[in-house]
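Worksheet: the structure to be examined is printed underneath.
For reference, chains read A, B, C and D in written order, and residue numbers begin at 1 within each chain.
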Amino acid sequence: MQVQVLLFGIVADLIGKETLNFAIENNDTVKNLKTALRTKYPQLKNYSTYAVAVNEHYAQDDFVLKDRDVVAIIPPVSGG
Amino acid sequence: MKNISIKLTSDTLSLQECYAFVEDPACGGIDVFVGTVRNHTAKKTVNQLDFSAYGPMALKEMEKIARQALETYEVHKIAIHHAEGILKTGDIPVIIAVSAAHRAAAFEACKFAIDSLKETVPIWKKEYFEDGEVWVNAHP
Amino acid sequence: MKNISIKLTSDTLSLQECYAFVEDPACGGIDVFVGTVRNHTAKKTVNQLDFSAYGPMALKEMEKIARQALETYEVHKIAIHHAEGILKTGDIPVIIAVSAAHRAAAFEACKFAIDSLKETVPIWKKEYFEDGEVWVNAHP
Amino acid sequence: MQVQVLLFGIVADLIGKETLNFAIENNDTVKNLKTALRTKYPQLKNYSTYAVAVNEHYAQDDFVLKDRDVVAIIPPVSGG
């Protein structure tokens, strides 16, 4: 399975990209994905305060991902 | 939804447009919050801000806030408009307008909407100073 | 006083004028309350309102409220404009605009100002219905 | 001594005038003036909820009036 990962704000800067394609296992959760991202991009290790949205809705750590989900990494927002 | 106006745009936001949208013969009070770009933050002089958004989700979250305001408070109409891109001192990143029969509800709903927007809507600003730039709130 | 704009006028009030007065490079948020004439009150249809004022005292009381708002809250500028004469549905009897570095103070000061205005400023409105007229609040 | 009395809103309607010249005694207070007005204008008898301003400032019942003071009768306000 594969998900698309969208990066914003400081996380996009840290990783140097705005989108990634990321392979996941069946029944992988948001939490698994976060761990995998931290492993692949060590520059995220000191940065764990981001939220995650799946298909444009906020999702908790236990949310189970499906193939082709669009996962957005949402650093603390600062609109307004 | 005809009681809700949501906008995310790189055009200049219009106070008059937001006011005109929420104005209603049954309403007795309109509260409008206008965010403006300050010329400084903490101790530094800000030259400009750059707002970026996760557009489709930002629109959904803004609409969610608007619906929640209409459900929670006795208000008639609400407009939530947000700007994208480079803004300078005095420019307007956000306008929220709410109309209600009675003013207390208009104030409360407007405050609720801007507070919620700053918590949940996926929009980020980068501040540009003389000597560098920083993502606001990045390390809360 | 250059941080305060007070007006009592039979001209149409201007949202843009109030906004422009309070806008300031050091401010990050502006709250504007706009009173509007509703098309009904309790169960009756309102055709028009007639606002009359004890002009010189009304201006003094409005200025007093503005000064108090600037002293009490962390706000930069305040405009309090009120209309006199006949107004119809959708017309604007009052606009209050307040600018501040941070939005909470702008909201609080704006609410304080409109609440105070409705308690102390010597302005009266008469409501005209199909079948008569009544001074609002006359027998509280 | 004499004061000018300005009438507004429902009180102007009840009395049918917008200004009055009213004779007062030395050291008369706002309260004395209110009583005298009620005596002269019985239509005010059921109407006692008004405030008073002297020379454009709110004044309490114990405020002592001077010659030529401008006294405003302020029914409950309804601006905004």
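We adopt the following convention: contacts are C-beta pairs under 8 Å (C-beta built on N, C-alpha and C of every residue); 3 or more make two chains touch, one makes a residue touch a chain.
On a predicted model such as this, the values are computed, not experimentally measured, just so you know.
The fewest steps needed to get from chain A to chain C, moving only between touching chains, is 2.
Measuring from the averaged C-alpha position of chain A to that of chain B gives a distance of 26 Å. Here the spacing of chain A and chain D, counted between their Cα centres, is 72 Å. Between the CA-based centres of chain B and chain C the separation comes to 23 Å, rounded to the whole angstrom.
One inter-chain figure worth recording: chain B and chain D are separated by 49 Å, centre to centre, where each centre is the mean of the chain's CA atoms. The set of chain C residues touching two or more other chains comprises 35, 114. Not a single residue position of chain D touches two or more of the other chains. Pairs of chains that satisfy the touch definition comprise A-B, B-C, C-D.
Across the interface of their complex, chain A is touched by residues 35, 51-54, 56-58, 60, 82, 93-94, 114, 117-126, 135-140 of chain B. Contacts from chain D toward chain C in the complex involve residues 6, 8-10, 13, 47, 49, 53, 56-58, 72, 74-80. Note for the complex: chain C touches chain B at residues 15-16, 19, 23, 25-40, 89-90, 99, 101, 103, 106-107, 110-111, 114.
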